[in-house]
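Next come two complexes built around chain A: one with chain B, the other with chain C.
So, the complex of A and B:
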């Protein structure tokens, strides 16, 4: 009885909609007219749709870029902030400010920075180089969007790594120092192994977040130019806006399956190496 | 550090988000498997309450008319709800599918094909009895306007404001350079090249250039002017890959390569081009009458410098015809009263508000003849530029009314973008787009 309200709420607003979405993924439902059964047609359509396949590729590239550079920057800044440096509290706050800022605001700011008349191009011209249309060039647009996401997100990774660093027992460092280990040895043999569970957490959460990228794409490029920044979730929203709920639902479930599989692998690997 | 259990739980919650996103977007339609009720056509005197959704924003011409309407029709109470343009389409779709649709709503004419093809819009021919404010509908609109309002031989929307493109240009710069207003494609290319300046020597114009937008609207104008069409007459196949379509896109590209055009992609952040107008990167652009209001509000310091002329063309004048329609969803609770309000909004006095409040162009012929619209406009050097748009409307064509219009729009925009940024030739890009469009139409 005590959990009944929570169960009712979850059922009505979470599990039932998910079940309906699963049902719709096998239909041609458009939200306006009665649906007809489509079997696996929505899924096979998606797997032969070049825009969807491009969106998948973009999402993978976005995930790889952001989850390579972001955690690395987070770890480096956490290591720096874990030292007794002047104004440490100030830097901790500064690194975390972008995380607390709306992604829409951050994306708008980066869009202005990367505009053909933006600050970045002005700096490039000032040092005698040719300006570049970062967001108009399909070859650079996705990386530009990734840069904004990394900048916004690595403060979170910094805080998580910093907390983990501070929980590592100082006795290990003291003992290794007595045995003659230098900072590099200590990093490889104490710090890094100690951070493995944190890394699993950062990567699981980060990859799921990367695969759900939408806001920055919507604000900075709207999926263009020529779908070069269209992500899976952006594609999903486009399908919804076109009242194509069958394909939108199928996209959602393909994403759920992919993320489920990735997370399972990550967690298993994390367990194995912990 | 969070425990692994906690991180896993959080991961599971986040994992479910895509599915939740999809359903959240349509969560309100849990029950709605989409059966669309037939319209309850008005019989007898309309009364009760009318819910109206309006996307015009702070410059709305609808809200100021509500008080006058309620005074004239005390038996009808209006529940006015303002929405923002960017989210209105999603909200309208969800409300229609969940059976909680408003009685009357403003709808961009580019949304109408999808709604109409899915039976979501009430048959205004039936509700209206073929008349608006006591006059036959056919006498209230231009032929182009009537075509835009029609789907399968009946009216599904009442055009409230219209959008058809003309050429805006910096008259002061044209005069200073002793250039004539272009009337043909060739003239537009040569005049824009002569007008534009490359002040920083990077090979691209950065002063007084012609704005070139990579979108379906601007390409469609060139396509129509060149005698082409977007779809085949039976609307089953793409038709823009024709010779007319390819040469229209080649011409669009040549506006950039000639040195007079300035590519204005999504990353510029404002499709009106206002930032470029204000800093004078843009000296010419093709756009609709609403831009008169945008200029007056956003570039006050350029008062007296702008003028409007008919859009230059190759074979025949042409433009896409869009704007805002008043729609009554099929599931609207009170369609009869909604139509009473719609008619009130279409009366000349209220239609003038479209121009005076929103800076847009009213759509009815009676309003188009209003002296208010023909009054000298100080912003445009004491000249009334509105008649140019009235003429443009007479030769403009609406986009095809097919359910897969959003897919067609996206495919065409991608093709135009690919050509303008040198990633494909016009033939290649349009062939690829045609293939996507044919697949979408087949679905």
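So, the complex of A and C:
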């Protein structure tokens, strides 16, 4: 049967692990010894663990920063590329190159650029300002990680918004121009409403991605300094490496519940405004 | 949108902004390549600029001799090609069945697959590792620390099934009916009619899967604790996480990891952008 491989693989490598994860989240399993039942203890532990709460806060900050600036940059570049400009395809391709580049490569590059003696600080000194050790200062490390992620991702948003802009019917613009509407009026009343489904797509995909942030943190800061860049997934992997599978599984399920809730709210909002 | 032949200040500003943002996008790549060609002591030296002086290939020599980057490269190629092959075969077959055939439990099974799209991979990370350890116990060529361990969980991707199902939905049933009346079996129909018609979809699927397999990091990191199954991103991350980082070596590793993808992107730009933005519901012009 044609669907047999698909069912076999998703059964063995998706539904079975998902069930195991749920089971283990209620136990003290360490991967070596038989486990004993722990009830909801793992979940209540997490909610009173300052490192976990810090990781949640960091993930939210990372998500808000990247999903505010990223789509905004993407929309601005798309609006500019949608004008009559030469070499549009070239600009679009350039912005898209980082999207095709592995996050590990991007993080490695930015770790060098943001080094206390790196290119960014050289430029800062060149214009007469004080250099800063971006990745070693708990106050700036998370924003430095966010900046690298925005640089990697905004080309994706540019391309998606540009495609959406080009599919908006030009008659609407012509008709409103006849009625005397200026570009700003057109932007608020035609362009933005027309982009709504695309925005929902960008935010659903983007927020799910932001809540899974791991590669950047693993390479650039290893969660530090003093947990200032530990994300939920980084915390999960740390618990796993400490063979604390109960808390790791509970973290995983809290992540799924949060993402499910967020996606649900976004799709609802998208429908309401559409 | 009539404009005079003299460029307006608005257009000049617009193109300036676009060019500047291009430079900002490309500068990190240029600096990475430059650093990969420098001597370690020159990397952060005050006078050291974009042009390496003296230029050396020592970084590239190091990652192939001191670190097994040749082996990581081979692993990445094998893993990516295997994942693409499995997905083209399995996703397409399943998508065809869901789009064009009737069988009991179809909608329930499809709903089950839908669930997998909503759950991030990280949830399954730990049990999946456990399963791979068990598989490794069954055969030393399977599971944890082997390439099969990296490949298996990505061999079927539900997103690929959805993508291909959209393509199949656009093939009219009448063509398939006509072939059936002529006595063609389902496999013949699949091979002679469906696959050729779905070729653009398969191209998109191939690019999407290849890119995600090549750049995947968390799972290859978890499942392979030794060089036997490490891929390029894992090898690179280990270099970049050292306490004292050798920057030319690390940047040479970054170039080797990123370059194949960038070359493929430049060669097949349009398909690439289509593949990665599939699902946004808009056609890319």
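By definition in this document, the second predicted complex is superposed on the first by the 270 of 274 C-alpha atoms of A that agree within 3 Å, B and C clash if a C-alpha of one lies under 4 Å from a C-alpha of the other, contacts with A are read in each partner's own complex, and residues count from 1 in each chain.
As a convention for this text, a contact is a pair of C-beta atoms (placed from the backbone, for glycine too) under 8 Å apart; a residue touches a chain by one contact, two chains touch by 3 or more.
Worth saying up front: this structure is predicted, and the values here are computed from it rather than measured.
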item: Combined model on chain A: chain C and chain B, fit or clash; value: clash
item: Touching partner for A:80 - first (chain B), second (chain C), both, neither; value: second
item: Which of chain B and chain C A:237 touches, first, second, both or neither; value: both
item: Which of chain B and chain C A:54 touches, first, second, both or neither; value: neither
item: Partner chain in contact with A:1 - chain B first, chain C second, else both or neither; value: second
item: Which superposed partner A:97 touches (first chain B, second chain C, both, neither); value: second
item: Chain B versus chain C as contact partner of A:226, first or second or both or neither; value: first
item: Touched partner set for A:31, first chain B, second chain C, both or neither; value: both
item: Clash-bearing segment of chain B relative to chain C, given 21-29, 399-407 or 435-443; value: 21-29
item: Chain B and chain C contact sites that coincide on chain A, given as residue numbers; value: 13-14, 16-18, 20-21, 31, 108, 111-112, 115, 117, 160, 163-164, 167, 197-198, 201, 205, 208, 212, 222, 233, 236-237, 240, 245, 248-249, 252-253, 255-256, 259-260, 263
item: Chain C - residues contacting chain A, complex; value: 1, 3, 11, 14-15, 17-18, 21-22, 25-29, 31-32, 35, 43-44, 89-91, 93-94, 96-98, 101, 103, 109, 112-113, 116, 118-131, 152-153, 155-156, 158, 161, 186, 211, 214-215, 217-218, 221-222, 232-234, 236-237, 239-241, 245, 247, 250-251, 253-254, 257-258, 261-262, 265-266, 269, 272-273, 276-277, 279-285
item: Residue ranges of chain A in contact with chain C within the complex; value: 1-3, 5-7, 9-10, 12-18, 20-21, 24, 31, 77, 80-81, 83-86, 89, 91-105, 107-113, 115, 117-119, 151, 155-156, 159-160, 162-164, 166-167, 197-198, 201-202, 205, 208, 211-212, 214-215, 218-219, 222, 233, 236-237, 240, 245, 248-249, 252-253, 255-256, 259-260, 263
item: Residues of chain B that touch chain A when the two form their complex; value: 1-2, 4, 7-8, 10-11, 14-27, 29-30, 32-36, 89-90, 93-94, 96-97, 114-115, 118-120, 200, 202, 214, 263, 265-269, 281, 403-404, 406-407, 410, 413-414, 417-418, 421, 423, 436, 443
item: Of chain A, residues touching chain B in the complex; value: 13-14, 16-18, 20-22, 29-35, 45, 50-51, 108, 111-112, 114-117, 125, 130-131, 133-138, 141, 160, 163-164, 167, 197-198, 200-201, 204-205, 208-209, 212, 220-222, 224-227, 232-233, 236-238, 240-243, 245, 248-249, 251-253, 255-256, 259-260, 263, 267, 270-271
